[in-house]
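Order as written gives the chain letters A, B, C and D; numbering starts at 1 within each chain.
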Amino acid sequence: MKDTPTVQASVRLGRYLRDNPVIPLIAFLLLLIVALEIMKPGMIMPIRVGRNGIFSTFWIGNLIKFAIPLAMLAACQVLTMLTSGIDLSAGVVATVAAFVCATASPLVGVGPSILIALSAGALVGLVNGIGSGIIRVHPLIMTLGTGLIATGCLQVYQRFVISTGTEIPGFLLWLGTGRTLGMPNGLFLFIPFAIGILGLMRYSGFGRLLFALGSNEHAARLSGVRSWQVLVALYVLSSIIASLAGLLYLGMIRTPSLSLANPLLLPSVAAAVIGGTSIFGGRGSFGGAIVGALILRVIDTLLTLLQMPQGARIMIFGLIILAVTAMYVRITGQR
Amino acid sequence: MTNVQHSNPILDAASIAKSFGPVRALTDARLRVSAGEIVALLGANGAGKSTFVKILTGALSPDYGRVLIRGKPANVGSPAKARASGLIPVYQEPSLIPDLSVFENLRLSGTSVEPFLEFVTKLGIEDIRLEDEITSLPLATLRILDLGRALASNPQVLLLDELTAALPTDLVENVLKVVREQADAGCGVIYISHRFSEISLLCDRASVLRDGQTVGELVIKPGVEEHVVELMLGAKIDLYQREGLSSALPNSSTPRLSIKSLSAEPKLEDVSFNLYSGEVLGVVALEGQGQDELFEILSGFRRQTSGAIELNGNLVSFAHPADAIAKGLMFVPGDRADALLAERSVHENIALPFSAAGSSWGPLKRRFENERVKHAIEKLQIDTRAQGEVRRLSGGNQQKVTIARWLAKGVETLLLLDPTRGIDVRTKRQIYRLVRELATQGAAVLFYTSELGEIPLACDRTIVIFNGRVVDIIDAKDATEQVLMRAAYGLERQGTEA
Amino acid sequence: MSELVRKNTWTLGLLALFLVLLAFTKTIQTNFGVSGLESLARAALPFAFATAGMAVVVIVGGIDLSVASIMAVCSVIAAVSMPVVGGVAGILIVLTLGTVMGAINGGVIVATKVPDIVVTLAMLFVWEGVALLILETPGGQASDWLQASIQGSIFIPGLPKALLVIAIVVSVVWLPIRRSQLGLSIYATGSHEIAAFRSGVSVGVTRIWAYSICGLFCGFGGLSLVSLTGIGEPVPGPYLLASVAAVVLGGVVLGGGRGGLLGPIIAVFVLRIIRTILTLAGVDPNITTIIEGTVMVSVVMLAAIFTYRGGRA
Amino acid sequence: AADYKIGVSNTVQGNGWREQMICAMRAQALVEPDVSGLIVSHRNTDSAGQLEDLNNLIAAGVDAIVLNPSNPDALNSAIDNAISKGIVVVAVDAGVTAKGAYILSNNQEKYAYLGAKWLFEKLGGSGDVVYMRGIAGVSADTDRDNGFKRALAEFSGINVVHEVFTGWQQDQGKQQIFDFLATGIHFDGVWTSGIDNVIVDAFVESGAPLVPIVGADNAGFVQYLTAVDGLEGAAVTNPGSVGGAGIALAVDILNGNAPTETTVLVDPVLWENTTADGRAVIEAAQNPNLDPEWPVSVTVPGWTDYSMDQIIACKGPSS
C-alpha cells in the first residue's frame, strides 16, 4: 500500500491533462511531425528554398487538405458512436454522392446533380435511422447492410452512365484543389462545418440527447426523450455529412471511381477512437477526432516516405495507432 | 464516545484512506468486528461506507491502511482473495450476473446449492428455480439471492451494504432474523443501513463515519439514536418531527388524477383512487402487489389492459413517457440506475428534460438552465464534489439527482417510487419537506415507500394495495406501522370499514 | 425439452431457414446434390472458423477486428512451413501461433486498458503487416493430404468432410470450455464485468483466454484457407465483416454475455447458400450484392421485431 | 446455333478496368450466336471465395467458365473439377497453372517492361524515378514488378528513389505523390501501375514541374496525354476488353476450334505523346465520353466482335 496522498505539481499536471485530453494528442501529433522533419529535413519547414520558393506552406497545406474529408467522415463516427452506434455506410455514402454527382452533372446540370447526390446519401441515412432507431437493428449490422445495398445500387446505376461522361462541378474543384494563402480551400467548407459540429455537440439540445442516449437510453426515455426521432435524425445527418465529404473528395481526387471514398472508412473509425470517442457511447469529442485525422495523415506520410517493405509499413501503422490510444488511456485514465 | 472492549476481533481495519482523484472518500477509517457481533456502519450519504466495504472485500484497493484478520495481516487484494479469507460482502448494487441462471451464478462463485436454497427459503423466497435467469427476476428477489449466496459461502465476516433499502417490510423482517441467527452461530457482521429501526433491533455496536473518517464507536442501547445522528451529521436533528401541515381538501374539488379500475398484467387487478392537488398520497404495499405496474402505467412506460385515467376530469392515455410528462406527470423510478446518465455530469442529468422535446433540439438556454439546476441542487443539498460524472457520486446523492431533475423542470404531479431508498436521515427529512412544499404549492404527489414509518411523516392519506387492488385508504394520522402492516398483509382493520 | 426449444428458438429458426433455402436450391437446380453440398461446406469452412472465433470474443464482451488478418498470417505460416517441416508439424505450429496471436491481442487489451475495438483495429494492421513480411506474394504449398482432407464426403455421400471438420473442431475446442469454469467466466465477464469481478472472476485472465480461443479458431481458419487453395495468401480475405454479420445473425448479442457458437455457424451456412442460390439462378451480380445486404438486414430486423418484448433489443 | 451457357468469375469489384472487362464479356456473349446465357459472379473476395464461385458455376451447369483468376495456383481444385466435367475453362488477364485450362492474358510482365524501358530511354538512360506499384502480394503486381526490374537491369544509370504501393486506389496514389512532392526530393520520372491521371493532377495542382509519366491506357490519362501542356508521357495498353476475347475463345473451343497453344498472350502496345505519330495514335484512340477509369482500348482486334455501343450498354444475353 502506498503513501498518503499528497497533491504535487505532477498530480496537478496529470489532472489538467485528464480534463483536456486533446492536449496530449496534439503533443503526439507534433512529435510525429518532428520525426518527419528529422527523417526528411526541410520537409515541413515553412521557410526554405525549393518547392514554391522561399515561403512554403506546401506540406502543411497538403496535410490539412487530405485530413479534411477524413475528419468529416470521422464526424459521422463520433456522432453515431455517442449513441453507442456506428456508421459503417459512411464510406460508401460518400462514394455514392461523389459518383452520382459527377455522372449526373452532364445530364441534369450541376445544381440538380448535387441535390440528387445529397438526397441519395440522405436516403441511405433514413434507412439506417429507421432500421436502428425504430426497428432496433444493431447499427453495426444495419449500416453494414445498407452499405452493401448502396454499393450494389451504385454498380447498377453505373451501367447506365458509362457513356454519359463525367463532369466535376467547378466550385467543387475550387474547394478540392484550390488554395488561398497557401491553405486548401477545403477549409472554407470545413471550418464552418467543424464549428457547427462542435456547437451541435456542446451547445445544442440535440447534442445533449446524443450523449444521453449513449449513456442510458432508458433514463432518456424516462425524461421524455423519444429516442427514435433522435436516432433517425442522427443517421440522416450522418449520411448528409458523409455525402458532403464525398463531394469534397470528388473535387480533390477528380476521378469518380466506384470505390472512391471506401478506403476512408476504417481510418475514419480510427480517427474517432484515437480522438477519445468511446464506441460504447456517451463519450466523444470531435476536436479529438480532428487531431486523430491529422495524426493518421502524418503517419501515412511518414510511412509513404519510409523505404521499407510494405509489410513493415502496415505493421508500424498499426503499432502507432496502438501506442497513441494506449498513451491516451494512460493519461486520461478513461477507456 | 464509549470505549468498547474488543476480545479477539476477527476483522480489524485501521487508518484506511482512499481518494478518487480530487475526492477523498476515506481519510482515516477504522473498524473491528468480533465473532458473533453485529456492528452497524453508519454515516451520511457520501461518508464513505460503501468505499470502506469495497476496500475490505478487495473490490477496491486502498491508498493507505492496514487490514488484520484474526490478528494477522490479511491479503484482500482481490475479491477472490477476500472471499477466501472469509470476508463475504453483499454490495449495494446487485452483483449477480444478469445473463446467467441462478445455478450458474452459484457455480461461478463456488457456492454450494443446498445451503443456498435453505437460506433463500428461510428468507422468504420460496418459488425460486435454479434455472431462472437473473434478468427475469425482480430487484427484491435479487437482493435476497445475493444474501443467500453470501450466507452459503461460509462467511466469517458478513458485510451487508444497504441490503434492506430495496426490500419490502416482510422480507426485511426475515433478513433481520436470519442475520441474527448467523451472528449467534459465530459470524461477525458489518451492517450498513439508513434505517434506525433496523439498527436498534439488530446491532450490538455502531461505528460512525463522517467525511471519510471514523468519528465514534458506541454500543447500541435505547436512546442512543440521537447521539448517533449527531455524530453522523455533526448536528442535531429531530427524528420524528412531522413535516409541514396537512393541506389537502380532498372533497372540495375535482381530483387532479382519478384512477378508475386500472388493471395490467401480471399483477395489477383493479385499482381505483383519487389524487388531489395539494396532497401527498402514500402508497403502501408489500413486494409485487402491483405497485410497479401502477407507476409504470401512470408514467407512460406501459399501457393498461383495462380501466381509465382521468386528469382534471379528462380521459388521458400515454403512449410514451413524453406524453405523461407533457401532461405534468413526472416519475422517479425505484432503481436509480434506470434514471441516471452514469457518465454524464450532474448538471446534464438534471437538465436533460429541458432538451427532450423535438422543439428544443436547438441551442441550449444556458442561463435559464443554470438557474433552475442550481436551485434544485441547493434545495436537495446534493454533494457535488464529484459532479463531473454522476456515477462517482455516492448512492444517496445519485438518488437525489433523480428527484432534482423534476424539481428543476417544475412538477404538477410527482410520482415517487421509493424515493428514500438508501438515503440518510437528513436527506430523508429534506425529501419529506420537499414533497410537502410541492403539495402546498399545489402539486399532487403519489408516494410509494417501502419504509412504513415514513407514511405519517410525509403523507396526508395513504392507499394500501394488496393483490393488485386497493384494500384500504388510511388517514396519515392513524397510520401507525401496525395498522399499515396489517392492511398491507390484506388483514382487515379492526372496527372501521375501508 | 420444451425449455431447450425455448432457449434455442433463434438457432432452430435459422436451421429451419437453412433447410428451406436448401430445398429451394434443389427446386431451381434439380441436379444440385452431393457435390453441391460438399462445395457449400468447403466454402463455409473459413467463414465458420472466423465466425466461431469472433463469437467467443463477442460473448466475452469484446470484438476482434483482426480475425481476417490473423487468418492470413496463419495461412502463410502454414504454406511456408509445411514444405519444410511436414503437414502435422505445420498444423501444430499454425495452431500454436494462432493462439499466441490471439493471446497477444487479449493481453494488450488487458494491459493497456484500451478498448477492444481499438486494439484489434490496430492489430488488424499489425498482423497484416506480419503476413506480408512472411510471404510477400502468394505462394508456399500445403500438404496434399490436407487438401484432400476436406474434399468429398465421408461415411455417407452428402455428409461432406468439411462439415465434419467444422463440427469436430468446434465441439472439441468449445464444448469442454463452455462447460468449464472458464466458459462460465467468459459469459459472466461479457454479461456484467464488475459483477463478475466481484464474484471472484479474474476478468483479465478470462479475456485473454477468450482472445486466445479466438486466435486458435483463426488458426483453423488459416489452415482451411491453405487446404482450399493449396497456397498461402498474405492479403486478408473478406472474413471480418462477414463474421460480425454471422455472429449477430446467429443470435449472439453484441456487448456480450448471450448466445452460443451453433447459431452463428448455421448463420454462416445461410449466408453461403444464399450466394449459391443467386449464382444458380443467374442473378445479375450487382443485384446479388443488394440482395445479400437486404437479406442480412431483414433477418436481423425480423429478429428485432420478434424479440422486442423479450428485451433483447 | 448451339445453346451455350457460360459462367464468369471475377474477384475485384468497383474498379473501372474490371467493370470494362465484365461489360466486354457481356457484349461479346451477346453477339456470339451460340451463347444463350451468361452467369456472372462478380464481387470482392479472395481465392477461397473464387473457389466457391467456380464451384457454384459448375453446379449451375455451365458449358464454359471464363475467369479472371485471383491467383495462378490457388484455383486448381475447382478448375480440375470443371475440366473433368467437360467444362471449358479460360483464364483471362492472368494465368492459371491447372492443366487443360486455356489462358488468354494481357502480358503483364511485358506491360511493365515496355513502359519502363520507354521511360528510362526518355531520361537518356540515367536519372531518378518514382515507382508506384499496385497491391502488395497480388500476382499481377508481382508480374509487373518482374518486368519493371528487367528493364531496370538494362539501365544501370536509373535509380529508383521512391517505391510505394497505391493499392490501385486513386485517392491513395494522389496523396502519396503529394507527400513525396512535399519532401522536395529530386526525381526525373514516374512509372505508375495504372493509377495515372491523378498523378498528373497532383503535378498540375501543386505547380510542380512536370516530369515524364508512364501510365496505362485509361481514358482519363490518355486524354491528358494530349490535353495537358508540357506533359510527356506514355500509355501502355492493358485492355479490359480482354474479357470479351476470353468469351470468344471459349466459344471457339466449344465449337471445336481450339487453338494449338493453351496460352495466348495479348501483347501490350505503347502509345507515347512525344512524336507526331504517337500523338496521332492517341488522338485516334481517345474517347472523352468514356468513364475516366475505363481503358480506351474497348476492343481486342481479331478477337472481339461487338460494337462500341454494345460494350457501353453492358448487356449480356440473359439480362
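Just a few scattered comments:
Here is the rule we use: a residue touches a chain if its C-beta (ideal position, glycine included) is under 8 Å from a C-beta of that chain, and two chains touch if they have at least 3 such contacts.
What you see is a predicted model, and the numbers here were worked out from it, not measured in a lab.
Contact with chain B and chain D alike is made by A, C. For the criterion of most C-beta pairs in contact, the winning chain pair is A-C.
Greatest Cα centroid separation from chain B: this falls to D.
If you average the Cα atoms of chain A and of chain C, the two centres end up 30 Å apart.
The centroid of the Cα atoms in chain C and the matching centroid in chain D are 34 Å apart.
The distance from the centre of chain B to the centre of chain C, each centre being the mean of the chain's C-alpha atoms, comes to 45 Å. Residues of chain A found to touch two or more other chains are 151, 155, 159, 310-311. In chain B, no residue touches at least two other chains.
Chain D has residues 13, 136 in contact with two or more other chains. With chains as nodes and touching pairs as edges, the resulting graph is of another kind, matching none of line, ring, star or complete. Remark: the chains found to touch one another pair up as A-B, A-C, A-D, B-C, C-D.
By the touch criterion stated above, chain D contacts chain C in their complex at residues 13, 22, 37-49, 51-53, 55-61, 71, 73-77, 135-139, 141-142, 318-319. Within the complex, the chain C residues that touch chain D are 29, 31-32, 35-36, 39, 42-43, 46, 132, 135-139, 147, 151, 224-225, 228-231, 233-238, 272, 275-276, 279-280, 282, 284-286, 288-289. If you check the complex, the residues on chain A that touch chain D are 40, 42-43, 48, 50-52, 58-59, 62, 66, 151, 155, 158-159, 162-166, 177, 249, 252-264, 300-301, 304-305, 307, 310-311. Put simply, chain D touches chain A in their complex at residues 13-16, 19, 23, 136, 162-165, 167, 169-172, 174-176, 178-185, 197-198, 201, 205-208, 220, 288-294, 312, 314.
The touching residues of chain B, when paired with chain A in their complex, are 17, 19, 21-22, 24, 61-66, 299, 301, 320-322, 325-326, 331, 333, 337-344, 348, 351-358, 360-364, 366, 405.
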